[in-house]
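First subunit A sits with subunit B, and in the next complex the same chain sits with subunit C.
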Partner chain A sequence: MKVREVLGDDPEIVLADKRYDLIHTILETTLVRGAKKWALSDMLDKVFLHKYLGIPVFLALAWAMFRFAFDVSAPFMEIIGLFFGLLAEASRGIPNEVLASFLSDGIFGGLGFILTFIPLIFFLFLTIAILEDSGYLARVAFIMDRVMFKLGLHGRSFIPMLLGFGCNVPAMMATRSIESEKDRLITLLVNPFVSCSARLPVYILIAGAFFGSMASTAIWSMYFLGIVLAMLLALLLRKTVLRGEPTPFIMELPLYKAPTFHGSVIHMWERGVQFLKKAGTYLLVGAIILWFLSSFPWGVAQESVELSYTGQIGHALEPIFRPFGFDWRIVSSLIFGFMAKEIVVEALGIIYAVEGGEAIAGALVADYSPLIGFTLMAFTLLYVPCLATVGTMRKESGSWKWTIFQVVLSLVLAYVIGLAITGIGVMLGYA
Partner chain B sequence: MRFNKNVGTAIGAYSFFIGTTYTVFGLLEILIGWGDFVGIGASLIPPIELAGINLVPPDVFGGIMLIIIGAVYLIGVRQQARGDREGLSFLLVGSLLAAVFFGVFTAIMLANGLGYMFQFEDWLDWTWLDDLRPGIWLFPLALPGAYLALTKKEWRE
Partner chain C sequence: MAYTVALIGNPNVGKSVIFNNLVPGARQHVGNWPGKTVEKKEGKCIHKGIELKIVDLPGTYSLTSRAVDELIARNYIIEEKPEVMVDIVDASNIERNLYLTLLLLELEANLVIALNMFDIAKDKGYKIDMKALSEQLGVPIVPTVATTKEGMEELKDEIIKAAERKSSIKTKITYGEKIEDLIHSIVKIIKKDETLAKKYPLRWMAIKLLEKDEDILEKIRSSRYHHELMEVIS
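On to the complex of A and B.
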């Protein structure tokens, strides 16, 4: 604060000004100017940083990224799904009924189903790595800064927001580079609304089941919804509880370069392997708990999952979600999804006791309308972030007050947006 | 910095042609896909076929993306016609975007081919013509522009 008072401006701006003054002075005495060359980076920046074209071009590239990841991974997901289907089928033959159910429904049906999303997650990370390695993502931060500044966010907030597409936990840690406490807190509060890769399996399942050829667009719309809501919330927070102006954003843009196959694959692997680690820990524990709650009391639960502990929990909370058309199955899945969002899909697999994406998708289509499916996607995007994210929020904000505020805010927002989607859908005749 | 005005006019005309073509086919994708998109079923215009091959898929968002590519080309036309070298940027990035979408749609076609090869249930009725779309067959038009923008270094000096 003192440095700012002495300098009369943001220290970063003063430093940057001084640095460029020095460069200018040195160049004036040493450089003999020739005709200025119009370099390739200048040519690309002319359009990528264009006042009107910059954002549409970014949205087009983002759409291409999702279309590529979603459609190209489909046959590979099928192969993994068939593999786990065979394992589940084989394990049903085990004489011990409990063990057979545990392996076929809990491990191969639940956890195995989640693992079918590996190709999709790796392809998505590959496209992000290519954009990052090319130098384009830094430009996206730059073009988004104009919008973000107007909405009360700091330009540096865009990097954590981008990281949030992978996982909100490292994204929230990345907010440490934001100096202003208010800027940082706003970024922390809105970051969980950026759609992380854990939500992707839910989108894929629901969108694939209900929206056919429009599936990738439906998924893209969730990412778009998350970004828009995050920005609007930032604006709201800036105008209310965290009043003030965001500090200016200064960054030096790197030159463009052609991404290498080797480099992009390494980046993809570094991020993708986090999902594999999660599958071996959180998701495995989740699958075991879910299987237990859905299979016991033993004997009764085998007649109908509705009579299991999972069914009882779902039924108890179902009235709250009745306006959206969610029944006990969806409600139970959402509750378990608090551990990790992928568990929503795992839970649906275990509750329906069917193997493979197609079987689960078929069961969903039989029980729910596309409107309910879309509302479920939006609800999954917005309702309480996962356990790890809540823990990170507490650690990074250093406050239980803001952590609880974030959880309550996300629940309220999920409910309001869910009601809005349902209401608009019913009005348009999609019920 | 400027280059030969005749060359500029030719480049401008070329960009105008490609930009308009991408925009028109983008609009067609939207019009054909609009019925499905809003749930009324029927498309606003009949399908466009050539020798029984459906040339334009019903895809509202795919159409919007083609319009964005078209807009990049079209916005650079005036500068190119004036002989302003900065106009070449739009030609280059337009072609780059066209190449990205060509790559994505071709990769999707290959992946679907893999599904068909393994005879997975969802791919039993697939043919490669199902994935042939303007993003693929318009791309050759964009190639000369990208080639010129990248190789004619004298235009950038």
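On to the complex of A and C.
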């Protein structure tokens, strides 16, 4: 007897059908289905999973999420800022000049400044945890799958993309659940464009300084830009170097349930603690290095930070960034930001602290236009992912070729988008 | 006396809640499956003086060789041969959940079904004749509501009963005469290869070969009867 005669061309599917037939037969005699009630879960899904409304509703919810986190955390951030301000002030009185500068500018001005973002990061994680625990995020995966499939991304890519909003490193590791090599590589390559929480302090600083009541909208637009670019790139890769069809995706939607306070707080804490750990390691080391480079050669740098090592590095590369209106401060901040993107903020904090310690937001507004601020936000989103992400890319893709491709792609994209934003801004008269 | 018990089930059936109910937090050990980034949780509990070593397998819908988590679960069952497998079935989605149950029966696992989310199934208006279901599948069934810890003691009782039954259940599940004939003719060949026959459940292996499962096709490549097998299945 031939297998083909019995099982046809796709035996796996035929056998699966057989199993379902059997389940059917068994349940016929053992299960009585009562009248199906019109449950709340179904009603919610009518809206949240709506063919056309689903995505706008998601975008609106995401915006509300930022708005909430931003507004609620503002007073807490203010308090922490004042606290470090006082510490910096106090440590300036230390007789040893170098130590005084190290503490007040490097530690309290740089590391302390980045720590003021803790409330915001925690509140944002709290809102994400609430959406996740309620069962809504799984729906987002579902509504996005339709779009992602059209764009050549696999449905399983969505979870890594979602994790990318926290940190791209675990997000890229999560791509291992994608079966097809091509699907996986595409997801890896576009993942760094999903805006991770490390970029958030940069957005908050810039948006807070320049955009006032529009700040949360400006931040939201960065996330939006990241997602759109990631999807367009995926489509482009799918049509060019990684040709092929994505494999279909089946997922299950859990029932909606009211998130518990306890559960959501635990989720928030687990993720927020990652930021604290980073602050204690990477960002601390970054602050020490940055303080050193910004305060030495001793004496000369105190005269003007422009003459410090940081200033020299920034000046050397400034011409490349001239079209965007970035000066040496921003340029050197961006360079150090390769270590970790929060360092962009830390670096600006230290540079301004060494310069004279006025409030950074005020100093930024005095030195740059809102257009430059917006370009800086976009540039921070796009230019080379941080050191850890590049390392992960190498490990997960197993190839230097694709790693370098990703880095070059990011730089080119950052530059092109930067030019586009500047160009459009100037045309609209925002120079 | 100690038994190894593996928990398995579809995603979102309350598997980790059951694991947490069975194993007190302090006795849990979280690690990774060897060489994989998939999380592995295990722990011990003692019930009526008998130690149960509980292993939490990844949540899966199926047991193909294509996805990492499915392969981990399936290799664990084949290689470690846990004394008892608890298949956690979402009672409110019983139709889809039983698919994995059938696959586990193919693997000749010594099954106990925890029919979880029993409360939600009731709310949905489901009435399940558990005695009849248990008889048709040939598997003991314990209704549970993991979130309120209902049915946990009964589940542990049933696990120990199953472990002491020793001989695993021979399934009564069949896929119709024609397919069974094919399965039978493949089984006859595999039986001749002692190394294969010792390592894998015969009927399961035959089904996987019919399905052209890549992992199993690879495994028979070195067999002396490779040629003979390929002739039947291709």
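Worth pointing out:
Going forward, the second predicted complex is superposed on the first by the 397 of 431 C-alpha atoms of A that agree within 3 Å, B and C clash if a C-alpha of one lies under 4 Å from a C-alpha of the other, contacts with A are read in each partner's own complex, and residues count from 1 in each chain.
FYI, a residue touches a chain if its C-beta (ideal position, glycine included) is under 8 Å from a C-beta of that chain, and two chains touch if they have at least 3 such contacts.
Keep in mind it's a predicted model, so treat the numbers as computed, not measured.
In the overlay built on the shared chain, the residue A:67 is in contact with subunit B alone; subunit C does not reach it. Once the two complexes are overlaid on the shared chain, A:29 sits against subunit C while remaining clear of subunit B.
By the touch criterion defined above, A:44 lies against subunit B but remains apart from subunit C after alignment on the C-alpha atoms of chain A.
With both structures placed on the common chain, the touch criterion links A:78 to subunit B but leaves subunit C unconnected. In the superposed model, A:15 lies in contact with subunit C only, and not with subunit B. In the overlay built on the shared chain, the residue A:176 is in contact with subunit C alone; subunit B does not reach it. Of the two partner chains, subunit B is the only one touched by A:57; subunit C is not. For the contact definition in use here, the residues of subunit A common to its subunit B contact set and its subunit C contact set are 35-37. Only residues 10-12, 37, 61, 66-69, 94-95, 98-99, 102-103, 120, 123-130, 132-133, 136-137, 173, 175-176, 178-179, 181-182, 185, 207, 210-212, 232-234 of subunit C touch subunit A when the two sit together in their complex. For subunit B in complex with subunit A, the residues that touch the partner chain are 1, 36-37, 39, 58-61, 64-65, 68-69, 71-72, 75, 85-86, 88-90, 92-93, 96-97, 100-101, 104, 107-108, 110-112, 114-115, 118, 120-123, 149-150, 156-157. Looking at the complex, you find that subunit A touches subunit C at residues 1, 3, 6-7, 11-12, 15-16, 18-20, 22-24, 26-27, 29-37, 173, 176-177, 179, 250, 252, 254-255. On the side of subunit A, the complex with subunit B involves touching residues 35-40, 42-44, 46-48, 50, 52-53, 56-57, 59-61, 63-64, 67-68, 71-76, 78-79, 213-214, 217, 220, 358, 428-430.
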